[in-house]
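In what comes next, chain A is part of two complexes: it sits with chain B in the first one and with chain C in the second one.
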Partner chain A sequence: MAVKKIKKYFRIWQINARASLMQRMAFRANFLLIFVGVMMQLVISLLFLKIVFSFVNNIAGWNFSQALVVVASYMLIEGLNWALFAELVGIPLSIKQGFLDNLITKPMSTQFLISVWRADPEDWGRVITAGLILIFIIPGLGLGYADLLINGVFYLVMLLCAFAITYSITLMIKTLSIWFTDSSALWMLVNQTIRVSQYPTDIFFHRAVRIIFSTVIPLTFMATAPAKIFLHGFNFWLLISALGLGAAFLFGSRKFWLFALKHYSSASS
Partner chain B sequence: MKKYFIIFKNSVQTNLAYRFNTFTSFLTEGVFLIVLLYLWTSIYRQGGHIGAYSLAGLVMYFVLSRFVALITMYDDTAKKMNEEISEGGAINYFLKPLNYLHKEYAYKLGTVAYRIVLYSLILFLILLVLHRLSLSGIISSLPELIFFFAVLMIGITINFLIFFIVGLLSFHFDRIQGLNFTIITFASLFSGNMVPLDLFPKYLFWLGNFLPFKFVVFIPISIATRKISLLESPALIVTGLAWVAGLYFFARGMQYFSFKKYEAYGG
Partner chain C sequence: MLKKYITIAKNKTQAEFVKRANVLAYIGGNLLDLFIQVVIWSAIFSAADVVQGYTKSEMMTYVIIGWIFMYLSTNYGYENVIKVDIYDGRLSNFLIKPVSYLVYITSHSIGRLLFAFSIIIVQAVFFLYFFRADLLYALSPAGLAIFILMFFLAYFIKFFLAVIFGFFSFWLSDINGAYYTLNVLNRFLSGAFFPIAFLPAIVAKLSYFFPFAYTYFLPMQFYLGKLTLGQGMQILAAQIVWILVLFAVIKAVWALGLRKFEGTGI
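Moving on, here comes the complex of A and B:
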């Protein structure tokens, strides 16, 4: 029964992703230019790092290759968030344009439908680039095959938790649109904060700030902690904290979404 | 002139209507500043030095770049025009005694005026927090301030004209988001908003010198931090005005041909 349900949800995600791709490909030059823009953003991030490391050997104990693992991890999470869910733009849009009413009546999870409503295919470019960066820097990291395999598995688990945390934060902020209609300014603030995770969070040398960024807004677990596991191997506390936070954020955001839906009053007539 | 002043006033009022956005702007800038301080302090703690910049100099550069970029760069002119043109709203401007370019510029200046007041307040608060940093390198005399604001206006106009031209492409293509996004990213890089241009690798610095984007962030900051002196002002202003004139005449010409091509349909 559960497998059948998963298959059904996967099929719907596939259909939506294909529709998004077709929409984009209907204007090929536009799609190509968006892709170029996405790639340029990545080049800027890397250029920034390259320039800084042309003057210093390390930042808060991270050398160039290690810092690249953090940047690549951030790119993976950001890329997946766009490529799979388009940062949940469907929530504020569906409320403004009134088609959330339509989604609520479907015999499926409204949260799922609204999440996969739009996907931005050009952002797979971020995911692929991040993967290529990792492949290029692995030889310079001094990891043996066995280390690479074990660390790689735990790294993927950490990335999954990071993705769950990022998705949950995005969901909670976008859900506020049910009350405020336009939560874009608040989203800008949160997005700006999440962007900080592309730098190793060890730059926050004050303990209190590090604690805030490990618990309240768990930036540490979005890119720095996965990178640490990839570079230095299994760390029980990091892994258990990431799993706990990922589960807590997913649970909390789900409850918040359901609570918000109860307060939803249609914008259309 | 009066009709454009009304558009200017409307733009200020529209910006004032979104007070929640204003409040979150304060918080966003606060987060940005905290991260900036930690990042650069971490780098300089290792004993490193970035180019000719001291820690105070670099923090000041990024604080000012944020201030200048928020005023000059963040621009939705092309997006707004694309919506207007693709939804048929542009037809209104053919019927009114308004020049589309001048009308958009008046609207842009309204946003700029609002942002200058708002972000000057934020900048003042930030400089108060950072009072321990050396502020002696910042311009303070009247001629320097006039020079700074003159170049800032040139930067605002250059940025506006570039995105106005992108917006005009909506008359010729269904979708311009891709081009708009790419140019925003390109401008962000070559304006010096992300990294000071003088820290760029030589070939990129050389390329950036041939583009107008440096007038949008890097040159105003170089004036504010006295890297460019008053003696250099005539040459700079002439170069900036040449860019403005070139882009203006190109935009006027393109507007003329775009209007000729326009076909509206609807009931």
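Moving on, here comes the complex of A and C:
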């Protein structure tokens, strides 16, 4: 029964992803320009990093290759979020235009539908680039095959937790639109904050900032912690914290979404 | 004649104050951008005294004063305002009224600028105080006057670029891709990510042939005293030339676009 359900949800995700791609390809010039813009942004970020490390050997204990692992991890998380769940960002518009009413009446999870209804295919470019960066820098990291394999597995678990945290934060902020007509400002603030995670959070010398970025807004667990596990191997406390935070954020966002739906009073509410 | 446009600007300022939480959060997010840059450059300067010809004070000034300069001269998405006016057919309202759309949208943006100005100035005072030990105040009164003029002209360069891209909506079904790419290019070639001096000489020289460098990097070079008063005047002249060129393009695109516009939305 559960397998059948998963298959059904996977099929719906596939259909939506294909529809999003077709929608984007209908305006090819626009799609190409967005893709070029996304890639340019990536190149500039890498260029900035290269420039920084041409003047210093390391920042807060991170050398160029290690910092690249953080950047690549951030790119993976950000890219996957847009490539899979771009519609989340459009929740306020879905509410204003009454589209959420349409989704609520469907015989399946509204949270799933609102998450996958739109996917931005150009963001697979970020994911692929991140993968290429990792492949390119691995030989210079000095990891043996066994280390690479074990660290790689734990790294993937950490990335999954980071992905769950990012998804949950986005969902919770966007869910606020059910009560407030415009929560875009809060989203902008959170989005900009999440962008900070593309740098190793160890560069924040102030302890209070580091504590905030490890608990309230767990930026540390979005890219820095996965990179640490990949570079230095298994770390019980990092792994358990990431799993705990990932589960807590997923659970919290799910509960908050269901609570919000109870207060939803249809279009333009 | 001007009264109606002044009223439009005033109305826009008042409307922005209604959404002040939005703008405050937006600026809060941008503050993080600045915060990160300050942290990273501080880390670099803990290992070196001079980087690519910049001392720590010069770089902090470039980043902080440059941030204030950049956000004061930002047009806050006018290409989208124009896009919606064209797509929804709202532009028709302006065509039948004794109002110039271009002057209307300019007044509108100035209204929004006045609001942003009041918020950023408060932040600027905080930053100028907080980082006072690291900042340079090297401008003479004449230099300061030129720098302020540079700011106004930089604002119009960015605004006119947004208007041109907004007018592309007469032909394109979606201008988001074009504007997104332009924005990334703008931040890169204007020196907002990092000073253009860090780029290979050929790229740096090439960037002077685009309007972007005149909206951040060159005004900041002038502020830092790396350019003379005479060179400052040359930058002003180049900014004016760019504004005239962009204005001519706007007029041409507007005339061509109106032929395409059907009044019912696109």
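In this text, the second predicted complex is superposed on the first by the 265 of 269 C-alpha atoms of A that agree within 3 Å, B and C clash if a C-alpha of one lies under 4 Å from a C-alpha of the other, contacts with A are read in each partner's own complex, and residues count from 1 in each chain.
One rule holds for everything that comes next: a residue touches a chain if its C-beta (ideal position, glycine included) is under 8 Å from a C-beta of that chain, and two chains touch if they have at least 3 such contacts.
Since this is a predicted model, take the numbers as computed values, not measurements.
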{"item": "Room on chain A for both chain B and chain C (clash or fit)", "value": "clash"}
{"item": "Which of chain B and chain C A:146 touches, first, second, both or neither", "value": "neither"}
{"item": "Partner chain in contact with A:3 - chain B first, chain C second, else both or neither", "value": "neither"}
{"item": "Partner chain in contact with A:44 - chain B first, chain C second, else both or neither", "value": "both"}
{"item": "Touching partner for A:216 - first (chain B), second (chain C), both, neither", "value": "neither"}
{"item": "Residues of chain A contacting chain B in one complex and chain C in the other", "value": "27, 29-37, 40-41, 44, 48, 51-52, 55-57, 59-60, 184-186, 188-189, 192-193, 196, 199, 203-205"}
{"item": "Residue ranges of chain A touching chain C (in the complex, touch as defined)", "value": "27, 29-37, 40-41, 44, 48, 51-52, 55-57, 59-60, 182, 184-186, 188-189, 191-193, 195-196, 199, 203-205"}
{"item": "Interface residues, chain B side, partner chain A - complex", "value": "18, 20-21, 23-25, 27-28, 31-32, 34-35, 38-39, 41-43, 45-46, 48-51, 173-179, 181-182, 184-186, 188-189, 194-195, 199-201"}
{"item": "For the chain C and chain A complex, residues of the former touching the latter", "value": "19, 21-26, 28-30, 32-33, 36, 39-40, 43-44, 47-48, 51-52, 172-178, 180-181, 183-185, 187-188, 193-194, 198"}
{"item": "For the chain A and chain B complex, residues of the former touching the latter", "value": "27, 29-37, 40-41, 43-44, 47-48, 51-52, 55-60, 180, 184-186, 188-189, 192-193, 196, 199, 202-205, 209"}
